[in-house]
Amino acid sequence: MTHLGVEICGLKLKNPTMLASGVLDETGRSMLEVACAGAGAVVTKSVGAQPRHGHPSPCIVELQDGLLNAMGLPNPGIDIYAAEILEAKMGGVPVIGSIFGGDEREIADLASKMQVTGVDAVELNLSCPHAKGYGAEIGSTPELVESVCKHAKRACSIPVFAKLTPNTSSISSLAQAAERGGADAIVAINTLKGMAISPVAKMPILGNKVGGLSGPAIRPVGVRSVYEIFEAVKIPVIGVGGISCGYDALEYIMAGAVAVQIGTGVWSEGVGVFGKVCREIMQFMDENGYSDISEMVGVAHPARP
Amino acid sequence: MFTIAEHTQETPSIKTIRFKETLSATPAQFVMVWVPGVDEFPMSASYTGHGFGITYQILGDGTRALASKEVGDRIGIRGPYGNGFVLHGSRVLVVAGGAGMAALGPFIEEAAAKGAAVDVVIGARTAEEILFEKRSMLAGGRIHISTDDGTKGLKGFATELASSLLDKERYDCMYACGPERMIVGLLKLATEKGIPIQASLERLMKCGIGICDSCALDGKHVCKDGPVFSETDLRAMAELGKTKLDHAGRKVPI
Amino acid sequence: MTHLGVEICGLKLKNPTMLASGVLDETGRSMLEVACAGAGAVVTKSVGAQPRHGHPSPCIVELQDGLLNAMGLPNPGIDIYAAEILEAKMGGVPVIGSIFGGDEREIADLASKMQVTGVDAVELNLSCPHAKGYGAEIGSTPELVESVCKHAKRACSIPVFAKLTPNTSSISSLAQAAERGGADAIVAINTLKGMAISPVAKMPILGNKVGGLSGPAIRPVGVRSVYEIFEAVKIPVIGVGGISCGYDALEYIMAGAVAVQIGTGVWSEGVGVFGKVCREIMQFMDENGYSDISEMVGVAHPARP
Amino acid sequence: MFTIAEHTQETPSIKTIRFKETLSATPAQFVMVWVPGVDEFPMSASYTGHGFGITYQILGDGTRALASKEVGDRIGIRGPYGNGFVLHGSRVLVVAGGAGMAALGPFIEEAAAKGAAVDVVIGARTAEEILFEKRSMLAGGRIHISTDDGTKGLKGFATELASSLLDKERYDCMYACGPERMIVGLLKLATEKGIPIQASLERLMKCGIGICDSCALDGKHVCKDGPVFSETDLRAMAELGKTKLDHAGRKVPI
């Protein structure tokens, strides 16, 4: 029998799919629905210290093969959001709390508060490409990535995942910095910095002008990132970007991901995407003689050093 | 971008824009309307197909900016999104509160064209704010009016008018769009009378496509699972008529 | 009457579309065909000092919304290639000679040789993401970009365009470095570093494993890059990435591009893409009351400083 | 990836792979065949539709690796790409040199099935290297053989055999695939006799989709404008039979 379960830093997932941060996770109830739909874990919306409205609308542009979004990290702040996490926990799958902040102290503070809410791990959003002062600036400098991870690790005792940006010349350097900082796992990738302009309106469509590109369009960048990171660090890698079917997930797994996250796939496939991806992975395993996901992790590499 | 073909004042606070472009939508389906440089927000299709249009109440910055647009101006339209009203039976009761009539206008026409007998309750603040009375009449609907101030029809709420109609007649289904407390009232009536109801709900909408969670209502998403919900869904909603999410995702009272 | 002509650093183009480097430009005759099909200018394949076979096949993966390629800069070397340029020149449109090299000296040498072939400008490929030792490494370090541009400028008297990579955390810093180095124009963007894996074969599909992502998938990244660069430098910007219709080109132009290049669009639309893009731009100008391309350049910006 | 259903030896140097998967292609259309870890190269569809297949001559590393694949193994197939032979008239002459028969096999079947009288000239190095003789016969073709060493049929080249047939019979069109000097010879014959010709050409192919320019031939692209070209195009090709591009894009003699 094929076995879809995976373990990441002690978190036991019944299957390797997780809900990516920022999608259907403003409310606990929605995360619950996603868990019921078959996700192996859910990552919360990225939460900050204070309530935040996010960017003015339009926040989304639908493209042929992906989305451009500039939500701008709307969130009610960690204190209010705790109640949502409590509700999400009822889904019976690990809940990973995503946080963002402007400096090490803020992030450490959030990590410790996040642990108190009862989440199973903390994900550091070091990579939001369209919120000034948060994420991208911190996330593209290896020294800062290392230091932020260090502070977060010190502030909590649950696993800390570092979510990295592809808007860099070397994502593997960022991953190594996170590893040095003590991160327990790497999540890659967040969105690519992009813009869409309406020629008729003569202006960028997004209220924030710049947004993050996600979906199938970025999958090759995500797969390449995971492939590079897998060779650069020893900690586990979680792959994300453009996954909406089993084959997409397998690309990431064979590139070296122990698990995957799905965001934009929910747009094209609905919350059924988690079940669908799992079924397709299982079918592939059956047909190709694999019995455990772990047998496939990183097999696209000539040899693991 | 769609080009404005006509821009008409329906009531002192409500205007209709008809576009040069064609867009087919089921009644109660909505589009995201982008007023460049200002905002983007959801609006029901008040006219569908050729001469597609929206009918909106001027409330804040976004709709104020929209109101100042002229014929020939272009605004962004994406959609249609969500589900729509489904005709059920041959004798239906339609209840609209204020701008809620925007989504119900095309439904009344569709239902009447399909041969259904349509009773229409239009509730408004005051006589001159009554929307689509003539349009509904022309479609073949039997019109009943209520105003909060009694300047036309029954002085009182649309729910009261609906209640008395429900006492007198037998309907196959009720269709509602308007303030949430009106919908809560109608849901109660529908339950008492044992008839089905379809109600179009409103929530803050940032994406319109089922991913941002800003329109969440007890795990359902108004933009994707709705905006139209039937009695089973409505009854299961603990938040209905009580709380909604604000821009920061905080639950605030309706 | 609408006027499609543009002038860039003294080069007169009858319209703002150019053939992008690496597509249908290994032979002079093919460039000639592209010129006849309506391109306002053609950029040659990136040429080096020595003949080069390029990477082993597969060199191309067709994606839903773009291509992944790892041609690996195949080229016959500048000396042999000169004959192809001579033939391309017969097209009557400006020919821009693209060059790549491993260090400043090599690039300077190529720039000077390129000028001798008779091209109208030199384009420095500082950005090929999949040829080790060429392009990406040089191209993602502002100091090196500046120095390479300086050397190329000194070695020739025709305009020098610097073609930049989006695989960086700040493409506008690279553009500023190029401007400091004396580049006459910026070309943005080259491909994004990506990978596709075949789960069945358990390996990356491309012979070189890593390749460059192009086509509609990357347009938002290209438009954002041009938008940022336009605000960062004073020299003209040429936009490239995912253009296959007039609206796509207009996004770039309004973001600040004086002209555009088209590569992958030739795959989806054939060489007719140049004429098609021009017709669609003209129709848009007619409908929107523009009479000259220049009126639209950069209009998506609130105000040019 | 496609799964090998059958792998058979056609001649000492030529093998055929039939796949489990279905792929429809016009005769002479080709696919890019990826042997994982080795190489990718173009191959004509020698069987199309259900039981799709390719027939290849073992030449270098790529085809050698392909030859070692077994039933059940999977290889990458993308395509079909390019154009194909188009039947023209009711009496046609088909001339194949060596593995060129791979592309012509399905064409002979198609032409015969459509009621055309098909004369088939098969040229090979030696008797045992003759490809698809039985297949062409079964399809209803009249077979004429030439071998370089005279071990079967006429001792000499396929062009000579074609020439003598052209002297005796009147054909509506000629179809050719094989070594380029053979095609050059046939083009000359076609010009002399004033009949049309369609010939499938070969060039180095890196992309197969008309963007890399590696298959360029006088501004035409074998992968996109071809591989089949008609007499007008062929005559305009200064490089035909003379030069081709190598991996670095250098023009080298054929």
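Note that the chains are named A, B, C and D in the order they appear, and that numbering of residues resets to 1 at the start of each chain.
The criterion applied here is as follows: a contact is a pair of C-beta atoms (placed from the backbone, for glycine too) under 8 Å apart; a residue touches a chain by one contact, two chains touch by 3 or more.
Keep in mind the model is a prediction, meaning the values are calculated, not measured.
For chain D, the chain with the farthest CA centroid is B.
Centre-to-centre separation between chain B and chain C, using Cα means, comes to 50 Å. Distance between chain B and chain D, defined via averaged C-alpha coordinates, is recorded as 65 Å.
Inter-chain spacing, taken between the CA centroids of chain A and chain C, is 33 Å. Shared contact sites, meaning residues of chain C that touch two or more other chains, fall at 200, 203. Of all residues in chain D, none touches 2 or more other chains.
Chain contact topology: the protein chains form an open path, each linked only to its neighbours in the line. Across the assembly, chains come into contact as A-B, A-C, C-D. For chain D in complex with chain C, the residues that touch the partner chain are 1, 32, 34, 36-37, 39-41, 74, 76, 78, 206-214, 216, 218-219, 221, 224, 245, 247-250. Of all the residues in chain C, the ones that touch chain D in their complex are 22-27, 29-30, 32-33, 45, 51-54, 56-60, 62, 67, 69, 71, 74-77, 80-81, 198, 200-201, 203, 205, 207, 263-264, 266-267, 270. In the complex of the two chains, the chain C residues touching chain A come out as 63-66, 68, 136, 140, 165, 167-169, 192-197, 199-200, 202-204, 209-211, 213, 216-218, 220-221, 223-224, 227, 247, 250-251, 254-255, 284, 288, 296, 299-300.
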